[in-house]
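Pasting the structures in now, so scroll down.
You will see two complexes here that share chain A, one where it goes with chain B and one where it goes with chain C.
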Partner chain A sequence: MSTVESRPTAPARPPAGADAEGAPLKPPKAFDRPRFLKFFMGVFFLFLFVPIALVVLFSFNSSRSLQDFQGFSTRWYQTFFETESLRDSLVASLQIALVTMVIATILGTMLAYGLVRARTRVSSSLNVLMLLPLVTPEIVAGASALLLFTQVKLDLSLTTIILAHITFSISYVTVVVRARLVALSREVEEASMDLGATRWQTFRLVTLPALWPAVLAAGLLVFALSFDDFVLSFFTTGESPQPLPVRIWAEIRFGVRPTINAIGTFMLVISVVSIGLALLLPRLFGKRESGLKVLLGREGA
Partner chain B sequence: MSGDTVRAHSAEPSASAIRFERVIKRFGELAAVDDLNLEIRKGEFFSLLGPSGCGKTTTLRMVAGFDQPSQGHIYLDGEAVETVPPYKRNVNTVFQSYALFEHLNIEDNVAFGLKRRKVPSDEIRSRVAEALELVELHGRGKARPRELSGGQKQRVALARALVNRPSVLLLDEPLGALDLKLRKQMQVELKGIQREVGITFLYVTHDQEEALAMSDRIAIMERGVVKQCSSPEEVYEHPSGPFVAGFIGVSNLLNGVVQNGGVKLASGATCVADVPSDCPPGSEVHLSVRPEKIWLDELEEGMVALDGTVVERVYVGTTTQVIVELAPGMRVTALEQNVARARSDDRWQIGDRVRLGWHREHARVLR
Partner chain C sequence: MNENRFASAFLVPGAVWMLLLFVAPLVFILALSFGYTDDLGEAIYSTRLDNYERLVDPAYVPVLLRSVGFALAAVVICLLIGYPVAYYIAIFGGRWKNVLIALVVLPFFVNYLIRTYAWIALLGDDGMVNGVLDTSVRFLNTPYAVIGGLVYGFLAFMILPIYAALDRMDPSLIEAGKDLYGGPWQTFRHVTLPHTMQGVLAGSLLVFLPAVGDFVAASLLGGPEEVMVGNLIQQQFQASDNWPFGAALTVATMAFLLIFMLFYLRSAAREAREATA
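After this line comes the complex of A and B, so read on.
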């Protein structure tokens, strides 16, 4: 791509007569980037962001109207934070996301370590099995979680939501951490033991520091996923407090009120911040690789 | 040094640094190492040489403790270590991939082993500085591994291992990832460092030149079995069999049958040769002659002589390779030095009839 771009637009022509076939050099048309691709890209991002932008905009509307913007105000945010039940829901969602993040990250990292380093006969099939939660329709996961909790007579509460969230989050952590672990040569861990570190010291002093950017990125990703989640939460939630997305859904059934816009915007900010941290923090720690690379498992050893 | 290292409670001083006693290592059905008996002396530069898959790396990993022998015993400083985990063995390894800790700077990489052994911090500082001095990396202690070149990383890996003053240093193809020129330079340096620190080196390589250049003794392995174990000169001049002769340097291996006092080659010519007593007349053998031991024309009195046709001439700088066909399918390579008084380049033309020969003692009869 960059080679096309860096091609000089006005190429210096060879002196006349120096080259018998010295026709003026023009970059062949066929290799120019077609303009319409840019157009499609624009349209794509327009469709992607306009609805979100509208929500953000109308969350600051001074009137109740969802059609015309009449002036800037923060009254809907005020309503949001002053309504006790909404505040409880926000706190509940943050609790769920935090607990899920911590536990799923620890378990997922352990699973990744086991899958990569244990090298058993079944580990290749386990590697596939582990991906199952990623492709299971969430509604199936939610329904089956509900079924399980009723079977074992567990009362629906924040705990059940957290359990369900952890279950589906572990796979995300494992996928991200495993990619990083595979790139970490086994010889590095052997070198550590060779130099007198026990297995546990090796994990703590060598493996974990190398995995740290991935663990961090995975954790924040899980936080964002859990904070946003509706379907699983809907199936596993108790009466009160309900997590914010479930709460919004309940509100909307009685008509869309501008408070929803404020809540939506607020949630958006939290998600964007956590995803942003997931991308940025590894770079601050590792100095070289971006979190995007870590998340996509593309970085080198 | 903490009390749980092997060296610390070794009962009595022993002359051998490592001893393998009937060591077998199986991976499933395959015996990667088959009945290995070796003794490596203290202070020796010992190489395990062989093609990939010959079991040399497995042997090294068993000494380090990463693999356990299926059978037999390994003694480090006279003490059996099969059940001792890697972190309690007084050996250190230099890996082919260097295996540096990317999240630590060079100093911390080198200090890693000393810290695990709870060496006092000022001693750590002085020993790390000393080790970096030894590998000529002083002043780079604060750099990160990724800022170093391949050769420098190699030196860090070496310093990181040597700083612990192990009783044996294990090197697993440490120069394998370097380019040719740097490799040659590092060979000389490694040998110098070994002489300086006096630590036993167990060196694994598939590069015969490297092994010849550095080792006090070489063990040549093939399919888990040691074929020959002796000094570089001995291995080169007196290979024990066709595998060793072919693997070490270039060798002409001519098929033939033992006849009274010599070998009758497949081409029909008979050569006088020293036939070992275990080759009775009629047994099939190889006659092995090094290319540089072969003379072309101008033969001396008493040489073994054969006639042939020049089929190829390859100029390679300091020498010219002349390939002579004795009979269809039977070719001999001879090396001629391109010395100052050299004959002109075109001394040999393809198609020339030549008479080649060698001194009787330079030919080896191998079964």
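After this line comes the complex of A and C, so read on.
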């Protein structure tokens, strides 16, 4: 995710009042909009959504065929929920995502607060270290995590998956929360201290409430990423139960059954709901800001 | 308690976690890459260079080059698709901007395996496209299929930074370009593109880095001729159980990519410093 791209060197937008004198910034006229670009967008969205739409459609196919749709049924969902090992995998995936979300959100938020407010000798190297997992290829992360766990004689299980997931989720939380913290006016904290609150009370009663939208949005993002993650889980999973993406891998490699469409669609719904919530949350807090900006760590940008 | 000490305390848990679970494993990998496997298949730490010598073996060099080549091809295609899309949304999106960009991001929260699998169903030898057209074109197990899979997998990483750069750009700059009698192409070349170069660079790196190490696209959409370094690493750690060689492959990949990572992170860290200053 492009959570960390650079700030512009471009001149800032003129203040709103400046428009009154010069020509108002009117939106480009219709004929400014090249037709081919419109056409291109259409083709692009088809390319993006047709494969996914097919997975959803065929999850409701009444026949075994993965090629032609023969009628509506929910039998593949029934198979999914009635197969015990698949149900175990679903539960395992949800557990992993929930625990990862809680721990990574706490650690990441603390790290963001420390990085923004503390001036230490290690701050700048920590800033880089904290971002490194975001750009490390997952295969490197997965292989090295597997090696670590075997070296310290930790049996591969849900715990090892969670440990690996948390490591790579902290960075996301830190980037998102840090952006909000930077945008936050420091005077409010100072006022609270002037009124006799301790540092801790100020953090708990002033800073944290202001950070909530970003913290929750980051948590939901982490939930979705962890729930969907394949590579890290693949390297650090034990025998059983294995998280859903690892099961999907096995299905694709060793003979596809139609249940895979139902699993895929179900996972899609869970991811989309958590990301949708993350995008809407800042609005629920009465902020007139885009949830997308919060998620991209671009608040106040 | 002064603020600095109070805030520094917040750094401790995260920093310790990162050291133990991110830095330490990489150190282990580096150490094991100089090791070997004994007759029992057990990985032994040592100080040999055998694994690195194996990397330049004619059997493996093509794989390493191919990984970089496929990733570069994916970057170029993502750029060609992504820039116009980002441009359209940022400049013409109007009040639909957020909806459109959300629609772009949405598919990337569908599981990567499922998205790749969908292409198998579409393009397989007896897949839907061949079925509908009544042809028997071989799409899969070709380099094009793997590169296409990488593009479909990582396209959002290209679009978002470019969109962000375009969105931040003052639209009156484009107007100014036109007022100075710049044609659409000149305005784009001399005004829009330079102003969004950072987005283009960030997007290219964000596609390139995961693409080089990817093994899913090559496993599912490619054949034996499309093996990438990610597949090799995965095999060493899981199938053939030669962890030291796998570690050397991992170190080589990471070392090669580190140049790009640091380049990217330097600008990101500078941004963070500017923002906190």
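To be clear about the criterion, the second predicted complex is superposed on the first by the 260 of 301 C-alpha atoms of A that agree within 3 Å, B and C clash if a C-alpha of one lies under 4 Å from a C-alpha of the other, contacts with A are read in each partner's own complex, and residues count from 1 in each chain.
We take it that a residue touches a chain if its C-beta (ideal position, glycine included) is under 8 Å from a C-beta of that chain, and two chains touch if they have at least 3 such contacts.
Predicted, not measured: the structure shown is a model, and the values here were computed from it.
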item: Fit or clash between chain C and chain B when superposed on chain A; value: fit
item: Greater chain A contact set [chain C / chain B]; value: C
item: Chain B versus chain C as contact partner of A:210, first or second or both or neither; value: first
item: First (chain B), second (chain C), both or neither touched by A:45; value: second
item: Chain B versus chain C as contact partner of A:91, first or second or both or neither; value: neither
item: First, second, both or neither for A:197, with chain B first and chain C second; value: first
item: Partner chain in contact with A:154 - chain B first, chain C second, else both or neither; value: neither
item: First (chain B), second (chain C), both or neither touched by A:187; value: first
item: Touching partner for A:273 - first (chain B), second (chain C), both, neither; value: neither
item: Lowest C-alpha to C-alpha distance for chain C against chain B (Å); value: 7
item: Residue ranges of chain B touching chain A (in the complex, touch as defined); value: 64-66, 85-88, 91-93, 95-97, 99-103, 112-113, 116-117, 146, 160-161, 164
item: Chain A residues within the chain C interface of the complex; value: 1-2, 4-14, 22-23, 25, 27-28, 33, 37-38, 40-41, 44-45, 47-52, 54-55, 58, 66-68, 107-108, 110-111, 113-120, 122, 124, 126-133, 135-141, 143-148, 151, 163-164, 166-167, 170, 174, 178-179, 182, 199-200, 203, 224, 228, 230-231, 235, 245, 248-249, 252-253, 256, 260, 263-264, 267-268, 271-272, 275, 279, 290, 292, 296, 298, 301
item: Chain A-touching residues of chain C, taken from the complex the two chains share; value: 1, 3-4, 6-15, 17-18, 21-26, 28-29, 32, 81, 84-85, 87-88, 91-92, 94, 98, 101-107, 109-122, 126-128, 131, 152, 155-157, 160-161, 164-165, 168-173, 175, 195, 198-199, 202-203, 205-206, 209-210, 212-216, 219-220, 230, 233-234, 237-238, 243, 246-247, 250, 253-254, 257, 261-262, 264-265, 267-276
item: Touch list for chain A against partner chain B, complex; value: 185, 187-188, 190-198, 201, 205-206, 209-210, 212, 288
